[in-house]
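Paired with subunit B in one complex and with subunit C in the other, subunit A is shared by the two complexes that follow.
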Partner chain A sequence: MAATFFGEVVKAPCREEEEEEEEEGRRETPEDREVRQQLARKREVRLLRRQTKTSLEVALLEKYPCSKFIIAIGNNAVAFLSSFVMNSGVWEEVGCAKLWNEWCRTTDTTHLSSTEAFCVFYHLKSNPSVFLCQCSCYVAEDQQYQWLEKVFGSCPRKNMQITILTCRHVTDYKTSESTGSLPSPFLKALKTQNFKDSACCPLLEQPNIVHDLPAAVLSYCQVWKIPAILYLCYTDVMKLDLITVEAFKPILSTRSLKGLVKNIPQSTEILKKLMTTNEIQSNIYT
Partner chain B sequence: MFVPCGESAPDLAGFTLLMPAVSVGNVGQLAMDLIISTLNMSKIGYFYTDCLVPMVGNNPYATAEGNSTELSINAEVYSLPSRKLVALQLRSIFIKYKSKPFCEKLLSWVKSSGCARVIVLSSSHSYQRNDLQLRSTPFRYLLTPSMQKSVQNKIKSLNWEEMEKSRCIPEIDDSEFCIRIPGGGITKTLYDESCSKEIQMAVLLKFVSEGDNIPDALGLVEYLNEWLQIIKPLSDDPTVSASRWKIPSSWRLLFGSGLPPALF
Partner chain C sequence: VDVCTFEKVGIRGTNIVVLGVEKKSVAKLQDERTVRKICALDDHVCMAFAGLTADARVVINRARVECQSHKLTVEDPVTVEYITRFIATLKQKYTQSNGRRPFGISALIVGFDDDGISRLYQTDPSGTYHAWKANAIGRNAKTVREFLEKNYTEDAIASDSEAIKLAIKALLEVVQSGGKNIELAIIRRNQPLKMFSAKEVELYVTEIEKEKEEAEKKKSKKSV
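Right, the complex of A and B next:
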């Protein structure tokens, strides 16, 4: 409890999650339950084929065999894969994950245009067991396990290798120096027990941790003994940024992306174009 | 569900399960870290559910370069077979509406694994204490009826204080009395469910406030140690207390990164 300037006593935030909510749950009326179920339906993660507008009947990786799966989470990671990997081969869209949460800019959960389709899955036409996911939306904590279920299904396969790319703000990085003095952006990695190759950058030191969808995927892989590696770029610019995207470049020489990257100078040009088209002229008056 | 690290599930029949409740000050979880770290317990598996917020990081109990790169997730199980101890560590909070399903899954695993008893380490808001509680020790215990039968005499000999009942609805004077553990997270649910399922469970908790809760965690493990004697009993010198428990490497920078020198 804490007292405010005006003398009123208020409940201070506690690291433990409120138990009051659970006590309310026990006294939940049928109306409350209906509202809660409606909200759960609104927040459901659905996997569908955009071309036919039909839902995928089974989990994505139960429908297709997979030897390699590269997942980009966040706009900078997505831009990196778009420029360096997707432009080096022919990729066919196999599905898209549709979801809504409070972070979405749109309130319309039924009609998502192609620019808003947040989580798109592709496979390489020349080698259809190689998959790629471009995820530029935020997948909320109550949706992360659903996403895993819809993508990986209930039978984990050990003979595939997973690579995840994402960014975090440099202030999340714990170090004995001040984070302001760190040479950001910089790359760190986390890998599962069964990932035997070496990372192209140092591993993430204690006591640093990772949350959200990258953590959900990596946890799944660790538990089910699937070789997986997460490349984490700590940056001080969370919006689309050339220097941040280029910080992922060391991954191009790893086995994760082996054979998938052809023309690096051309990719760099594509990346620069991506930056300019996404630049929003903004000042405090707009 | 429990997923073993190795090929088969280890035999936990007759073991004592130690676990934290995610509660005020995270005292139970800090205490579990001290136990796992000090006893050098080995990881035997994961408690994989959709009830906890996902998180990963490298081995929180790393002591050297060689053992620092094993990935850890939000709910892991460790054991010390020589002492018939198994420890569950929880490292994140519950996803909304998932705490009750978690309790059900956990207790179902406790029954199926053959664990003899469960000890929950927890905490409760110190500001909710009544006058009597303010003047007494901050430690409390609770036993389910089936646990009472087996350890009543031992607990009596320790002169411990049992958790008192308080008004179910504090604001109402003629409200009934019941066990309340404000700030205790799932502690009360686990306790109630264990009572009805006849599971041998003990709850050990401390009244705490949010802040630097390391001393509270050290206090709670010493309290547990009075009973289980997992490490050598405390001598008369209280200053020796802190050094008996091994602080894990993951407790570094608990209050954030270094400060920019220019600030001063």
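Right, the complex of A and C next:
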């Protein structure tokens, strides 16, 4: 209540939320609850064992010991690991992460085909503590925490090294230089405090930031003091592209991938084949 | 507009101008002849473009009309510089008009002027144009340009066949599957545009490969 200049008493607008109104607004109807739970179930990230396709009870890296974990996010990074790393050793699939969000092209959440939203996890047969993840789906913001929990667990080991590879469009790169002169595709790195080795390319400068799942993984590693490095390739072609994939090549000489890459010329041939099988010729460009 | 485009190379020789382009693989049911990348603007000028095909079609049509209009008005064929300037001015207009977007093409324009001198110009979507001795446009243009910088010599362009071979060699640096994916066109002084057939291109490619082998044999002999 307040008095005006003329002596009238008026009800002053109150910024304090009134309890009755609050409860009414927040009271969830059973239908709302049902819808919310359905949506949560739809968007759940499920980690499945390879053979049985049953869910893993514990986090992936709590179940298996891990010394090295390489994560490829995006089709170009996935193609790079497929051609250069996965061809140089015998990798066994240990499981996959199944998830659905609005980016998926199908509305059927239970029968996602293997070409759809999937993150596949492998380990090297000759050294089972070396893990690899090929993630070619988009993991939405609300699903990233779930993904981290299901993969790393709630109390991850610190004696592993994480390497993340991903791509971003060059128009996202902020720089004072003229964008026309940028040598795209080019590589930038971002590492956690505990990562002591040097990167094979310049570090990502401010004010550039990392987005999506790579950012979630890197933040998680920083919080848990796990040494991790992210290699981010800025490219002008977001679809599967030979030149973009080859821009990741400097990483082959780093400690992260040392010993995992054997036959580079053969890998280059495999990469070329991968490109031609995936090429969808468009008539828009000449 | 270097995104998703295939290589185009232009070389200005003493008596010849060469345009080489990377052929993209055509779908099985598509008529190859309708996928043309080298277009004649007039009898003595032709151009190759990289970028949006539809935009190129519009620009080429305007340029062709201008060539004839010029001939009828001034009774002289256009100079290569004139038609390049026309195309560049057109492109620039679209960068400064409301409701329009720039033409998404870069072009290599080659030809001979009345004075008998060969010309090569490159234009880009901003509407700038420059004369070049040899240039490349497309996704891997940097690699090809570096090759040209190393290998463009007065000897290399003195003879017609050497200039043609230089264009093919430059393209082979970046073209994935070799000679069968290269299309070539030349203009000789006072002669109309000539498109090479696949067989003719293959002949040059075989010659280049032979020369390479001989050069390598000589090298290994020397080292022994």
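Just so we're on the same page, the second predicted complex is superposed on the first by the 251 of 286 C-alpha atoms of A that agree within 3 Å, B and C clash if a C-alpha of one lies under 4 Å from a C-alpha of the other, contacts with A are read in each partner's own complex, and residues count from 1 in each chain.
FYI, a residue touches a chain if its C-beta (ideal position, glycine included) is under 8 Å from a C-beta of that chain, and two chains touch if they have at least 3 such contacts.
These figures come from a predicted structure and were not determined experimentally.
Of the two partner chains placed by superposition, A:32 touches none, neither subunit B nor subunit C. Looking at the shared chain after the overlay, A:175 reaches subunit B, while subunit C stays out of its contact range.
Legend: residue contacts after superposition of the two complexes on their common chain; A:243 is shown touching subunit C, with no touch to subunit B. Contacts of A:272 after superposition: subunit C is touched, whereas subunit B is not reached.
Shared-chain residue A:92: touches no atom of subunit B or subunit C.
When the shared chain is aligned, subunit B comes close enough to touch A:203, but subunit C does not.
When the two complexes are overlaid on their common chain A, residue A:219 makes contact with subunit B while staying clear of subunit C. Looking at the superposed arrangement, the partner reaching more residues of subunit A, out of subunit B and subunit C, is B. Within the complex formed with subunit A, the residues of subunit B that make contact are 3, 22-26, 46, 48, 50, 53-60, 62, 68-71, 73-74, 93-97, 99-100, 125, 127, 182-186, 188-189, 210, 249-254, 256-261.
Of all residues in subunit A, those touching subunit C in their complex are 236-237, 243, 272, 276, 279, 281-286. Of all residues in subunit A, only 1, 12, 14-17, 19, 21-22, 25, 36, 141-142, 144-145, 171, 173-181, 190-193, 203-213, 215-216, 218-219, 222-224, 230 touch subunit B in the complex they form.
Those residues of subunit C lying in contact with subunit A across their complex are 2-6, 24-27, 35, 37, 49-54, 56, 139-140, 176.
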